[in-house]
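There are two complexes below, and they share subunit A, which is joined by subunit B in the first and by subunit C in the second.
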Partner chain A sequence: MLLFLCIALFALTFQAFAHKPQEGTPKPYIHTGEESTLQKLIDATESGGTLVLDKRAYQGSFSISKPITIKGVEGTSIVSLETALEISNTKNVVIEDIELKAEEAGIVATGIHKLTLKNIKVEQGTAGIEISNSTDITLDNVDISGQAGHFATKGHAIAIYKSVNVQASESDISNVLDGFYIERTDDVSLTDNRIQDSRYAIHMMYSDKVRLDFNDVRANLTGLMIMVANDVSITNNSVKKNNTLNSVGIYTYDVNKMVFSDNELSENTVAMDIQDTRNMVIKSNFFSTNGTVIQAKYSGSVSIQDNEFHGNILTARTDEEGVLLQHNFYDDYTGKDYDGDGIGDTNYIATNSFGQWMVRKPVYQYFIESPSVATLNKMDTEVTDHNSLAIIDDQPIVMGKTFNTNFSINGWQFIGSIFVLIAMFIVRRKLI
Partner chain B sequence: MKSLKWIILLVSMWTLGACSDGAYEPREINQETDVCSICNMSVTSVDFAAQAVLKNSDILVFDDLGCLMAYIQQNGDEEIGAAYIRDANSIKWLNVKDASYVYSKDYWTPMNYGVLAFVSAEEAAQYMKEQPGEIKRYDELLTFNWGVHDHE
Partner chain C sequence: MSIQMILLECKQLLRSRWIQIVATLFAIVFTAILMIQQLALPDTDGFTRQTASLLNILLFLLPLFMLTIGSMNIASDKESGWLGLLRTYPLKMWNYVFTKYIALCLVFAGIIIFVFAVAFLVGSFFGGLKLPLFAVGITLLILVIFNGVSVLVGSIAKSRLHALAVGLGVWSVVSLLWSYIIMAIGTMTSENFLQNIVILSIHINPLEWIRYGYFVFSGQTAVLGPAFYDISKFYSSPLGLLFFILISGLWTVVSLISATVILKIRGKQV
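Right after this comes the complex of A and B.
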C-alpha cells in the first residue's frame, strides 16, 4: 500500500509539469501558423501584423517591442509569476480580449505611441497596468480587481506617468490602491468608468486638460482626488458612499480653472474638500445626505451656483476667505417668497460657527446635532445676517428642480410579503 | 531611611523629566489611518514621510517633505518641538535640521516635490553619483519653490 502511494505521488509530480493539451479543446490558431509559447508567436508575427490567440492559458512573462495586434477569445489568458506583459519603445500596439493573472503587474508599457487595450481583465498582483512616457493611450473596458485587505498593502489598478492623450472608458475597478493614478500626464479623458472599494477612485497629480464624465465612484476612501492640476472639467459623475474615516467625495488641492457641474454626490462624509483652488465653478450639482457638503480653505474665488442641497448636515464651512454662494436650493431654508419670483425674500445663511471650528478640528464633527451645537446654530442664524465674514446666499431658490422618481423594490421582501399575506389569509379562513 | 527618600525623590524627578516636553520623539506611521496634514493624502509611502512633534505633544504627519515645509511656511516653527524626515537609505527618522538634502525634478516622492533626505553629506553625495541631483541645505528648503507644475 505504501509503495503504491509513493508511486502515485511520484507520478503526480510529473503530471504537474506536463503540457499535454486537453483532448477536445481546439489547438491555438495563429496567423503565422506556428504553435509554440506566446513569446515565439509574438516574435514570429510580422511587424504590424495580427496574432490571434486561442482559448488557453499562456504561462510566463512576455515582451513586445514592435507594432502588433494581439487578439484573444473568451478564455484566453496569460498567467505569470512576474509581470505578464511588457511593452516597450514601439508604436501601434493593440491588445484585445485577454485575461491576465500576474504576481506582479499585469501590463507594463513604456515609450509607446498609440497603445490600445480593449476588453482586458486583470486579477491584480502587486499592480494592474503601468504606462509611462507614452502618447495616445486608449483603454476600453479594462476590468481590474485586487485582493481583499486594506488598500495600504495594494498597488494602483491603472497608473499612467508622464504621458499625453489618455482616453479610458467602461472600466470596472475594485479593491485596489487607486483606480486611476495619473501623474504628469496631459489631455486625459475618463468616461463611464466604475470604481469602488479602493483608496482613491481617480487620483490625478500635475495634469493639464482633464475631463472626467459619467464615472460612477463609490465606497472609496476618496472619490476624486485632483491635485496640482490645470483646466479640469468634471461633469455628470456619481460620487457616493465615500464615508469612512477621513473620507471625501471630491478633493481638490492646488487646482486652477475647474468646472464641476451636473454631478450627484450623496452619502459622503465630506462631499467636496477644496484647498488652494482658483477659478472654480461648482454648478447644477445635486448634493444629498452628506455630512458636510463644501469645506474650503484658501479658495475665495470658488463660485457655487444653481446647485441643490438636500438632507445634508452642514452646507458649507470655510476659512475667512469664504466662497461665493449664489442661486442655490437649500432644503433647510426657512424663508418665504411673497413676491413669487422663485427667489427667497431673505438671505440663506450657510455660516455656522460650529462648522468653522470643525475646519480647524475635524474631530468636533462627533458633536454635530448635539443640543448645545443645535442651540449655537440657532443663534448663528439670528446674529450673522450682517456679518461680512458670513457665507450668505442672497438669492436662495425656494423650489428645487429635481424630483426623485426612482422606484425600486426588494424582490425577497416582496416575495416574503406575499407569503405573509397568503398565510394570514389561510389562518383567517381556518379560524372562521 | 532618609537616603531612601532622596533616592525615590530623584528617581521620580528623573521619570517626570523624561515625560516632559523636552523629549520630542517621532512615532511610527500607521499606513492605514495616517493622513497628511497639508495635502490630505493618506501616508502609504512611509519611506518619504515626515512628521512634526509640536510642543504641546501633538504630532502632525506629512506624506512628503514638501508638505512639512508648506506647514512651516504657513504656521512658522515656533510651536514645533522637533520635526523629522525619513532617511532615504534606511528606516531612520532624521531631525530635519540635521539632515542633508538632494533635489532633482526626476526623483519620485509622493507629491513629486523631488527632495530626499540623507543622514550625512557623504551619503547624499554617494546617492547623486547614481541619481544626479543638487545638494540643498535646510535653510534653502524654507524658501524653496516646492512643486513642479506651473499654473499661470
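Right after this comes the complex of A and C.
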C-alpha cells in the first residue's frame, strides 16, 4: 500500500513537469498543473519551448532569462504585489494572451533580442511595460488602462529606452501618464493604436526613423510630443479633443526631416506647435475647429501644402520667416476665382499682427476672437501683405464648401416655432 | 411701479420702427450664423470660429441696440416733456426708472424670443437646429446688465441726439476701444503687468465681464490660455459663481440707482 502511494505521488509529480510535443512544432510542451507555481513551470520549460498556461490567476513575481513562448488562454492572469514579469538578457521571448495585474510594473524587459508581446492586458499599477536596451520588439494588441487620478500618481503605459526596431499595433491605452514613452530608440513604428485620457499619447525623444500611422489619439493633455528626432513620418492619424489648458495636438521640438500627411486634427487648443523644426512637410491634412492650427517658433523650413482648414480660430502664427503656406483650402477665404482654374485670384493671409503678439506674449490670448480682435483682424489683413512675418498662401484653393443640406423637417421645432411666432404676433397686436 | 405703466412703456417701444428694424436685422444675422454652423461644420462642443462669431454677434449687436434704444427712450421722455409731466404726479423717480428698465427688458426679451423662434423655424427644415445653451445664458446676462447701463446713459443725456452719441460712445469704448488700449499698453509693459490689467479690465468692463462669463460657464477657459488659470479656477467654484452673480447684479443695481439719483438732481435743477 505504502509502495503504491509512493508510486502514485511520483507519477503525479512527474506528470506536472512532463514534456509533451506540441502539434506542428518539435519544441517541448508543458501543461500546467494546479499545484505548480509559474516560476517552476518557466524553469522547467526547455530553452525555446512553449509553456501553455491554464485559465487561472498565478500569484507572485516571475522572471524569464531564456528563449521561451508563454501562452495563456482566456482568463489566464498574473497577479503581483511587485513587478509581474521580469525578462532579462535573452532572445526570442513571446508572451501571449495574458492579463497582468501588478502593483508595480506589468512587464520589465532588459537586454532582449526579439521580444513579442501579443494580446496582453495590463491593469496598471505604477507602470505598464518597460523595455530597455533591446532590439526587434513587437507589441501587438497590448491594452493598458490606468486608474483615475492625477498624472503625478501614474506611470507610462509602454516605456522603451535605448532600443532598436520597435513595432506596436492595435493597442488600447487609457488613463496613464504617457501612452508610449520612447527614448533613445530608433526604427520605431506605431500603427493603429488608440490612446486617450492620458498626459501625452505618444512621447518620444532622441529617436531616428519614426513612423506613426493610423493611430487614434484623443482627449489627452498633448497628443504627440516628438522631441530631438530625425526622419519622422506621421500619416493617417486622428488627433482630436486635446483641448484642456496648454493642450497641443502635436508638439515638435528640434526635429529634422519630418513628413506629416493625411492626418485629421480637430478640437485641439493648438493643433500643431512646431519649435526649432527643420525640413518639415505638412501635407494633405484636415484641420477642423481647432483654436490655433499651426504655431511655429524658431522653425525656418516648414512647408504647409494641400491641406484643408475648416472652422479654426487662427490658421497660423509664427515669429520667423520660412513657413511656406501653399495650395491649401481655407473655409474663411473670401477671394474669388474668376479665371476658373481652382486657385483664388487673391492671396490668403493666414496670420495677422494679433497672432504674432500671442506668440510673444501669451497673455494676449485672452483677447482671442473677441469683438475688438475680430474687427482688428479684418483691418489687419488689408495691410499685412507687406509684413515679412505674415504667412501668405498665394495659391489658395477655391472649391465648393460642403454643406449638409439634407432636407428633413423637424416636426417639433417647426410646430413649436410657428406657435411661438403666432403667439408673439397676437400679443403685439393686442398691446399696440 | 404698476403693470399698467410697464405695459404703456412696452407699447411705446413696440411701436418704434427702430425696434422693428433691429429685430429683423438681428433675426437675419443670428439665423445665418447658426445655420452656417449647423450645415457646414461637424457637431463640436469646442470653441470654434463659428462659436466665436455667434458670441461676437451677441456681444456686438445686443449692447449696441440696447444702449441706443434704451437711452434714446428716456431722453425722448425728457425732450417731449413727458418726464416733466410725470414729475408733477406723485410718482417716485425710482418707480419711473425701474418701470423703464423692466419694460426694456421685456421688449428685448420678446425680440430675442422672436429671433430664436425664426432661427428654429428655418433650422426645422434641415433636421432641427441646436441652439448652444451659452447663447441663452449670455443673452440673458446682456439683457440684464446692458438695459441697466442704457437707462443710466439715457438719464445723463439731455436730448435724443445726445443719448445716441453717448450710447454709441459707451458701446464703442466697452466693445472696441477698451481692448485696444489694453493691448497697446501691453506692448510697452511686462507680461505680468498686462495680465493684471486684463484681470482688472474683466471686472470693470461689462462686456468683458459677460464674455469672460461665457468662457467660465461653458468650460472653455482653456481658450484664454494658461495665464488665467487661477482666476478661472476661482470663478468655476461655487464661491466664484456667487461672486459672479454679485458683480453682475451690482452692474444693474448701481446703474439704476445712479440713473435715479441723476434724474432727481436734474429734476430739482429744472
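Throughout what follows, the second predicted complex is superposed on the first by the 362 of 432 C-alpha atoms of A that agree within 3 Å, B and C clash if a C-alpha of one lies under 4 Å from a C-alpha of the other, contacts with A are read in each partner's own complex, and residues count from 1 in each chain.
Simple rule for what comes next: a contact is a pair of C-beta atoms (placed from the backbone, for glycine too) under 8 Å apart; a residue touches a chain by one contact, two chains touch by 3 or more.
Keep in mind that what you see is a predicted model, and the values were worked out from it rather than measured.
Engineer: Report for A:N246: first if it touches subunit B alone, second if subunit C alone, otherwise both or neither.
Structural biologist: After superposing on A, A:N246 lies in contact with both subunit B and subunit C.
Engineer: More residues of subunit A in touch with subunit C or with subunit B?
Structural biologist: Of the two chains, more subunit A residues are contacted by C.
Engineer: Would you check which partner chain A:R184 touches, where first means subunit B only, second means subunit C only, and both and neither mean what they say?
Structural biologist: In the superposition, A:R184 touches subunit B alone.
Engineer: Just checking: does A:M225 make contact with subunit B only, subunit C only, both, or neither of them? Give me first, second, both or neither.
Structural biologist: first
Engineer: Touch check for A:V73: first (subunit B), second (subunit C), both, or neither?
Structural biologist: A:V73 contacts neither subunit B nor subunit C.
Engineer: Which partner does A:V94 reach: the first (subunit B), the second (subunit C), both, or neither?
Structural biologist: A:V94 contacts neither subunit B nor subunit C.
Engineer: Can you list the residues of subunit A that touch subunit B in one structure and subunit C in the other?
Structural biologist: After superposing on chain A, subunit A residues 245-246 contact both subunit B and subunit C.
Engineer: List the residues on subunit A that touch subunit C in their complex, please.
Structural biologist: Touch list, subunit A to subunit C: 241, 243-247, 266-267, 269, 288-289, 291, 310-313, 331-332, 357, 361-376, 401-414, 416-418, 420-421, 424, 427-428, 431-432.
Engineer: Which subunit C residues qualify as touching subunit A in the complex?
Structural biologist: Touch residues, subunit C against subunit A: 7, 10-11, 14-15, 39-42, 44-50, 52-53, 55-56, 59-60, 110, 113-114, 117-118, 120-121, 123-129, 175-176, 178-180, 183, 186-187, 191, 194-195, 198, 207, 211, 221-229.
Engineer: Mind listing the subunit B positions that touch subunit A in their complex?
Structural biologist: Interface residues on subunit B, with respect to subunit A: 31-33, 35, 39-42, 44, 111-112, 147-149, 151-152.
Engineer: Can you name the residues of subunit A that touch subunit B in the complex?
Structural biologist: 150-152, 177, 183-184, 199, 205-206, 221, 225, 227-230, 245-246, 248, 251, 253-254, 256, 273, 275, 278
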